[in-house]
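In what follows, chain A forms one complex with chain B and a second complex with chain C.
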Partner chain A sequence: MLPTNFDTLIADRPDLATVLTGVASWIKHHPDWEIIDPRELSRSLTDADAWALATALRLLCDKGFFRQVYMVVAPSGVLADGKYDDPRRIPVRVADRWNQYFETAEADIVAVLEARK
Partner chain B sequence: MSAYADELLRLVDSLCTADQVQALLRSVKGQKDVRITAENKSDLIERNLRAAVTSRALSPDQVYELVRTAEENGNQHIFYFKPKGKVSAESLRVESVAKNLWGAEWEKKTSFPDVKLKENNYIYGDFRPWNPSQKPRDWMLKVYGNIKFDRFTGNEKEEGTRLYKEFVREDLRVVLIARWNNPDLLELRVQRDESVRRVKSWVDQLWLKLGGALRQEDFLPWDLSKARRLMIDEEDKNKEIYNFRDTRLQDSLSNRASFETFATQGNLFASEEAKAAIRDILNVKGSKCTHLAATWLPRKDGVPAQEYRTLLGNRESNEVIFSAHCTAKEIDYVTDKLRYFNR
Partner chain C sequence: MSQERSVSPTDEELLGEMRQLAISIQNNPSQKLKIVTDWYEQKLRTSGPQKAELGLLLLTILNARDSPKIEAVAEKPVVISLHGIRTRGDWQKQLSSALSREGFVYEPLDYGFFRAIQLVLPFMRERKMKWFLDQYNAVTKGYYNPPSIIAHSFGTYLVARTLGKYAELKFDHVIFCGSIVEIAYPWTRIADSFQVTRVLNDYGGRDFWAKTAVFFVNDAGPSGAKGFQDCAGGRVINRHRPEFRHSDFFYPSNYERTWIPFLSGNDPAPLAATEPRKANWKFRIVVAALAASALLLAYFLHAFWK
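Up next, the complex of A and B:
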């Protein structure tokens, strides 16, 4: 599971306590996920202020909890296999979940957060 | 360095990870001219590994072993076949197959392993018992191919009403493997590729190369429908063995329903509503599971060493896609589980 203990961060930034607690709660509710997709997260945390959420995610990266990588959205709307440090390194074609290849130029590319190793 | 050793190093570069190369170098640590660390993978192979081979700290056979493991196991489509009753056990023995392919004294006529390629051609690369101490009746035939293909670079240029797309012609090294997995399975392994036509042509090529020893009409595709169904039915009691990421179902009227986790490491049955919906569809007579992405969970004995994903069923019901490189033991583990669940 992704990291969920943000206590030291909350102590430093009490103004982000609500949103950081919300992020930790969302991660616990998705124990199998190895990434945070900010689009899904913001859909779940409907009460969170967008600016505060963006700031919290940036802080979690800056403090070494997560790193940003890029993934391709398959035509069915789920994430395709493969994480890329640089979106320019995404192949021209990638496979969906059923081994059907599609053009990444026609697909959405999303920035997601994974645990820093 | 011989041309053979040069070719081996080129293959190590394209097929093996830096960790695998370092593990090999570590096995001869302390000998003359053996260095483990390098700034990058290229230096690791061209400087460290080359020096170790030149000084004979490592033999070309040891380097070939590294290549062999990487190219034979995983990142493949495996098509499983079962012999029909009329195929005799004798005709499937290592010696019988070799004699039927290359004649008597075949060992003198062949020089396996042979890693060289012939342009636009398929050649026999290796033939050997698979695991003589544990399974003396198993064997493996390897075919190397070299084909040209045109790869789209993604670059496009527009001039007036004409649109130009840039393609580059590249060589593709092809590794095809037939493995007899005694007592009942023939595995045809071909590397993953985005072209469905290429994958099919490679399976045909393997049957052609096996032709002198085995006839395609004497084998039946091993339909894995039962295994997919039973794995879903018995998921509750096998939680420590596997979980599912995606599945595709076909109902009694041939309608299709796909279930996919959003995240790539997800567990589909963690969702109670997905589990109930899948079981509701499958509980109707005439419905079936055509695709199942199963994640095999790591075990204490290291097989699998980490989570390993397979797609059971793809275009063919006897087809399994092994998504990444792995060990021979890991593929055998999955095959043995499929034997159990396809009962």
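Up next, the complex of A and C:
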């Protein structure tokens, strides 16, 4: 499961406490997830301000819990398997989960968080 | 879980950039990856990886949300224009096609033919401010994002005074030309309270009306001839045109190469420094000699006929 103990962080950043608690709770309810998809997270934490949510997620990266990577949404709507440290490294064509190649020029790029190994 | 948003001016700028990015993507869906990576690369260079990574996280969240923010991101930006006195603003009509072509919703405002004598009377100016506030409320109704505005001459006065009086008034980008606002206008205070994002002041070295307005209007000033002093930490751009008079800013390539890119979030390239034109004394001597000859001739003719 992804890390969920953000107590020290919450103490340091009381302004983001509610959002960080919400993120921890979301992870606990999604124990099988290997990444945090901010799209799913923001749909769950509907009351959280987008700015506060993005800032909290960046903080989790800065403190070493996660790292931010980029994934591509395949035409079917699911995320393709490839993860890229830098959006500029996304190839012109990538394979979806069924090994069907698609052009990335028109694809949505999603910033996701994966646990730091 | 609702929280108060407390974002700094630079963060507000990042939010604005994300809005522009989403609009660019919407307009050019086939270039989605390129638009994102170009922005990312530029942000890495100008602000470092922290802001670049935060921006793309924010974009992901904003795009995913089924909330007014998505509509705010996707809606077409509104541009208002406001003319000066003794004119009905023909330039406003010229702007229409250029702005519409670039996907802006354009709202030219017309307060009628305002005479110079009316400008001198404080209660008449107050009345126009109230009119402008009402127009602003009508134009922005139903929109999430603040509009941008292009104002000329007395229009700049109306915008500046109304911004100062009503804190609820907000603009995204502001373009002034032939401005008669005082040069010490407090742009830092206005920008820090998020009433404007960025300001472009196109000003001309030969703007007679901008220089003289202060003699007729108590709280006017020559920013249309000298620029603004308070540049709000780079959020106000003074663009000096040494040879320009009061209404020389209205031509298509200025709209297309300077104003519209600025409204889209791109600052204009700096102008090449130009020296003020030196006086041609030879020409002036000839004119003075001709004038003196004419006077002498008139004198002799007068003496002859008497």
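One rule holds in what follows: the second predicted complex is superposed on the first by the 117 of 117 C-alpha atoms of A that agree within 3 Å, B and C clash if a C-alpha of one lies under 4 Å from a C-alpha of the other, contacts with A are read in each partner's own complex, and residues count from 1 in each chain.
Following the convention adopted for this analysis, contacts are C-beta pairs under 8 Å (C-beta built on N, C-alpha and C of every residue); 3 or more make two chains touch, one makes a residue touch a chain.
Just so it is clear, the model here is predicted, and its values are computed rather than measured.
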- Query: Fit or clash for chain B plus chain C once both are placed on chain A?
  - Reply: fit
- Message: According to the stated criteria, A:Trp33 is in contact with first (chain B), second (chain C), both, or neither; which is it?
- Response: first
- Message: Between chain B and chain C, whom does A:Asp12 touch in the aligned arrangement: first, second, both, or neither?
- Response: neither
- Query: Angle at chain A between chain B and chain C: what is it in degrees to the nearest 10, using CA centres?
  - Reply: 130
- Message: Just checking: does A:Ala105 make contact with chain B only, chain C only, both, or neither of them? Give me first, second, both or neither.
- Response: both
- The chain contacting more residues of chain A, comparing chain B with chain C, is C
- Message: On the A-aligned overlay, A:Ala95 touches which partner chain: chain B = first, chain C = second, or both, or neither?
- Response: first
- Task: Considering only the touch criterion stated at the top, classify A:Asp81 as touching first (chain B), second (chain C), both, or neither.
- Result: first
- What is the contact status of A:Gln68 with respect to chain B (first) and chain C (second): first, second, both, or neither? second
- Task: Please work out whether A:Arg43 is in contact with chain B alone, chain C alone, both, or neither, and reply first, second, both or neither.
- Result: second
- Query: Smallest separation in Å between any Cα of chain B and any Cα of chain C in the superposed model?
  - Reply: 11
- Which residues form the common part of the chain A surface touched by chain B and by chain C? 40, 105
- Query: Okay, in this complex, where on chain A does chain C touch?
  - Reply: 15, 18-19, 22, 38-40, 42-43, 45-55, 57-58, 61-62, 68, 70, 86-88, 90, 104-112
- Which of the residues in chain B end up touching chain A in this complex? 152-154, 192, 194, 245-246, 248, 258, 260-267, 270, 291, 293, 311, 314, 321, 323
- Task: Could you please specify the touching residues of chain A with respect to chain B in the complex?
- Result: 30-35, 37, 40, 71, 76-81, 92-93, 95, 97-99, 101, 105
- Note on the structure: chain C contacts chain A in the complex at 1-3, 5-7, 11, 15, 29-34, 36-37, 40-41, 50, 53-54, 56-67, 69
